[in-house]
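In this document, chain identifiers A, B and C correspond to the written order of the chains, with residue numbering beginning at 1 in each.
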Amino acid sequence: MPNFIERPRYFCALGGAMETITALPGAIPVLHAAPGCAGNITWTQNGGSGLQVGGYCGALHVPCSNVQEKEVVFGGVDRLREEIRHTLDIIAGELYFVITGCVTEIIGDDVRAVINQFREEGVPIIHAETGGFKGNSYYGYELVLQSLFKNYLTKGLEKKKNKVNLWGIVPFMDVFWRGNLEGLRLLLEKLGFEVNTFFTQDDTLPEIQKAGSAALNIVVSDLYGVEAAELFKEIHGTPFIVTPLPVGPSATHEFLRQAGEAAGIDPATVEKFVTQEKQRYYKYLEPLLEGYNDLDLQRHVIVIGDANYAVSLTKFLADDLGWLPELVVFSDPLNETQQQLFSQRFDLESGLQPVVVFETDTSEVIRHFKQNWPEFHGQKYYNAFAPGFVLGSSLDRELALSLGAAHLSVSFPVANRAIIDRGYTGFRGGLRLIEDLLGSCIAAR
Amino acid sequence: MSFKIAIASSDNQTINEHFGRARHFLIFDLVDSRFTLAEVREIASPHCGGVQHDAAAVENIVELLSDCRLVLASQIGPRVIELLRIKEIKGYAVSGLIDQTLARLASSYEVKNYLKNLE
Amino acid sequence: MPINIQNLESPTRENRLGAITGYQGTIKDLVSKASGCALKNRERLFSQTSACSSGCAQGHLSGIRDAAIVSHAPIGCAADSIGSNVQNKWGNKVRNWENQNVKFICTNMTEEDTVFGAANKLREAIREAYRRYRPKAIFVTTSCTSAVIGEDINGVIDELRQEIPVPLAPVFCEGFRSKVWASGFDAAYHAILTWIVKPPEKKTNNVNMINFRGSAKDAITNIFARFDLKPVFIAPFSTIEELSRISESAATISICGTLGGYLGNGLEEHYGVPYVKSLQPHGIAGMDSWLRGLGKATGREEKVEEFIVEEKKRIAPELEEIRAQLHGKTAVVGMGPSFGHNYVRVLEELGLEVLWGATWHFDQQYDHGTCPESSLKLSSAEKDLPVSVCDQQNFEILNLLHKLKPDLYVSRHGGTSVWSTKMGIAAAMVADEYSAFGYQGLLDFGYRLIDTLANRSLAKNLAARIELPYSDWWLQQETFSLLEEAVI
């Protein structure tokens, strides 16, 4: 992990955990932490989650033990017990999920003992140790999934063929999480799968509890939730596959092929379905193509994204849209092994070879760009980075302005868009993304 | 520096005395990971004889306890807490049995951190 | 308690001003107990999250145009820079300034650091902040984690003072020190007073205008110009150079009693800059008091009176119309104490009936030693308004709204008005600190309330279909049944 981070694009593990639990239908996050943690998380969501803040019981509604200095000295376990006791009376939920912050973990409060006491009374309650310093919000998501799989899911269920669980898209961090999950769910259902996605409106806790009966797990991320999948396999025996987040026809084709193969579905069925969907996709696109060509809407692109979007957006731009991704920046803090893994994800069908860098600090991106794109010094012949496009987060608008390029916010934080159920996954998702990309290009028209 | 706790008590069993009215403080020291009574420190003139709080008397008491890390009493006013804080002493209003409180503190993060730093 | 700029830290509001976060009663009872130093806090048996000092301090300081923040914390404590950035962008836009992101580095403390300490990281982060941004000052903020493990922030900073040629200011704002998040503003202003403000070299006609984001900057500039005064807006969107010279101003004035007290009194105590201790300029009575205070402090009483008479005459007819439209409507207020007690008055000036005033904390006295002026004013009215104090505890607010069923819930601070909407009650959130600024502002705010009440379709439809996360049991309980008795 790098030493310091400039203008972070994520919260801490506690933040990620709280958001994930907020998105779980009927679950109540209960924080054992200092007073401001969830407040700060809320402000961050306000500024970066596409105007999506909270939910049934989230944001500033979250019960919290609000530990003060006194609890630091004397321990906070009594306060936690009191807090949980009253939460059960006041807040109506189906599952109470206790998570811990930095302070309560440092001082070593025995949260497990408190939780066990309530479980013995028959209360539907579990916990996860999510002290903020453990990692960023993507790790918090991972910890919540692991606790669910270990402490909430029923063990020893018989496997149901064609039943799958799908995860890897982090609620609120991927502001398109609802549309993205639903898009993939609908596609898989058309292929005959029964799908649990944990975090959409169609998911329920009773069904989630039976997730152990899935014959296959699909993780649509090289990073988020992979450890949880390994744990799931250990505890419930379900194998899993890992695919990049499928955005657009090329990636979705590969996604469905892999899913079909892992589930033992006849490849011919999958291919037939994909062909049909691709035909629909290109038929929709057809009337746009005149404008695309006549208005010269191809762009040089800098892609800046988290581990999911850096890969999937680049692939879509290169292999489906015919744009020119020149520089791809991964904004997550990744270790060397992870960096190597991600560098291998750029074997693009179109043959393009963008420069791939790993950079957590927003203001350093321009330095990478300057290192890799020749600067204009008054040469007679100069291939300018124009017309240009910066496809990243709202923090990258400064860069776009300085390059005179258009911009679209997709990766966290997204401050300047309102997102409800829009998604970019699958075939239809690719069309949504084209609408948004080209819309940015012609906004001044 | 040792780890000393000053407790305001009139019966030597419970934390039951106001900071301002205490005639003495029980001083406990950390020995072999347990708190044991080291001395009983007399207060010449408690600062709260009624409504008026004698500022100089308060400062004297704070000075008298300046070798302690924690001061516990059944009540401590916010101004006193601030004066203690300037001397890097933490003051808390708590009640309960002295033995129980000290046992809890002996296994607290604060003490563990202190012992670790000694190593 | 005098403001001591020799100390590294500012005392918390609980210790300095007797601030409380748990009370239920009436305004006259609240003020009378506070005036007798007899007000005790009531703890809660159940609590929901509130905000923290660090968020306030960082949010405020990161708005200083040419300063950088180094947050010595795990990554989560710095994530709110994302929210600050949005506000910053808006501020740049309305001033026609080039858009720039906030200058913010976080030391990203990890589990390892909590065991072995992270002084090295902090050192490097401060150096890097200087290298990258070339700021005119660096504010180093603390976190719960850095405080619990006992990081020597000041030690690290002292080592770097020779090396880095700009002021390095520690800001002690760890969240668990105080239940009152406004302690964070005090921590920020303490750092400014201690490390940035320089002794005066001359006297100017400037007026230090302490505020949040400054949307009414043009209006204020025009008004002050009539009195030959020039506002310097503090602290967001100011520069370090400007801040270093605020000891030279003719007076200090504030949009919010909570926000401005520490700096205002500090400048008066140490540099003789008079601090205007008045009502805040929301609505007519507030603006009258505020401007008169300014007039008195700067010897411009006559010009101020002229202006006041003119303005009141101008708005009188329109105000009557607005009052007629809002007559008979009821409201509940949920805001910080300065805004809250002022806005109760504002709503009454607009013709509404205020059923309850909930404030997020309450200072028994301000730094100049008196009970807050806006609370005193409210308690002197004939009506003994029912009031409560909570640090944004939504479960209490919701229970209250459920029982009182006002036409309108007027609040400040995100995350509370949404619940009113979910209950089918129209809500107006006062995000902009100048929403009811002065005479014209009162009219504008009145129109906004009329609009809010005119179309309640979203609130009504939502309430019919959305489930609230509360048990039926809770909504039937007495609102303040989870407040423990005050400890005598």
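Throughout what follows, a residue touches a chain if its C-beta (ideal position, glycine included) is under 8 Å from a C-beta of that chain, and two chains touch if they have at least 3 such contacts.
All values derive from a computational prediction rather than experimental measurement.
J.: Between A-C and A-B, name the chain pair that shares the greater number of C-beta pairs in contact.
T.: Counting C-beta pairs in contact for A-C and A-B gives the edge to A-C.
J.: Report the most central chain, judged by the distance from each chain's C-alpha mean to the global C-alpha mean.
T.: Looking at where each chain's C-alpha mean falls, the closest to the middle is C.
J.: Starting from the mean Cα coordinates of chain A and chain C, work out the distance between those two points in Å.
T.: Taking the average C-alpha coordinate of chain A and of chain C, the gap between them is 34 Å.
J.: Any idea how many Å lie between the Cα centroids of chain A and chain B?
T.: So the centroids are 50 Å from each other.
J.: Among the residues of chain A, which ones contact at least 2 other chains?
T.: In chain A, 69, 72, 106-107 touch at least two other chains.
J.: Do you know which chain B residues sit against two or more other chains?
T.: 109
J.: Counting only residues that touch at least two other chains, what does the list for chain C look like?
T.: In chain C, the residues touching two or more other chains are 148-149.
J.: Which residues of chain A touch chain C in the complex?
T.: Touching chain C: residues 1-15, 28, 31, 34-44, 46-48, 53-54, 56-57, 59-69, 71-72, 82-83, 86-87, 89-93, 101-103, 106-107, 131-137, 333, 362-363, 394-395, 397-398, 401, 413, 415 of chain A.
J.: Per the contact definition, I'd like the list of chain C residues that touch chain A in the complex.
T.: 45-55, 59, 70, 74-86, 89, 99-102, 104-111, 113-114, 121, 124-125, 128, 132, 143-145, 148-149, 175-179, 181, 391-392, 394-395, 414-416, 418-419, 467, 469-471, 473-474, 482
J.: Going by the contact rule set out above, which residues of chain C touch chain B in the complex?
T.: For chain C paired with chain B, touching residues are 1, 7, 11, 14-16, 18, 148-150, 487.
J.: Quick check: in the complex, which residue numbers of chain A touch chain B?
T.: 69-70, 72-75, 106-108
J.: Please output the residues of chain B touching chain C within their complex, sorted ascending.
T.: Contact set of chain B toward chain C: 75, 78-79, 81-82, 85-86, 93, 109, 113.
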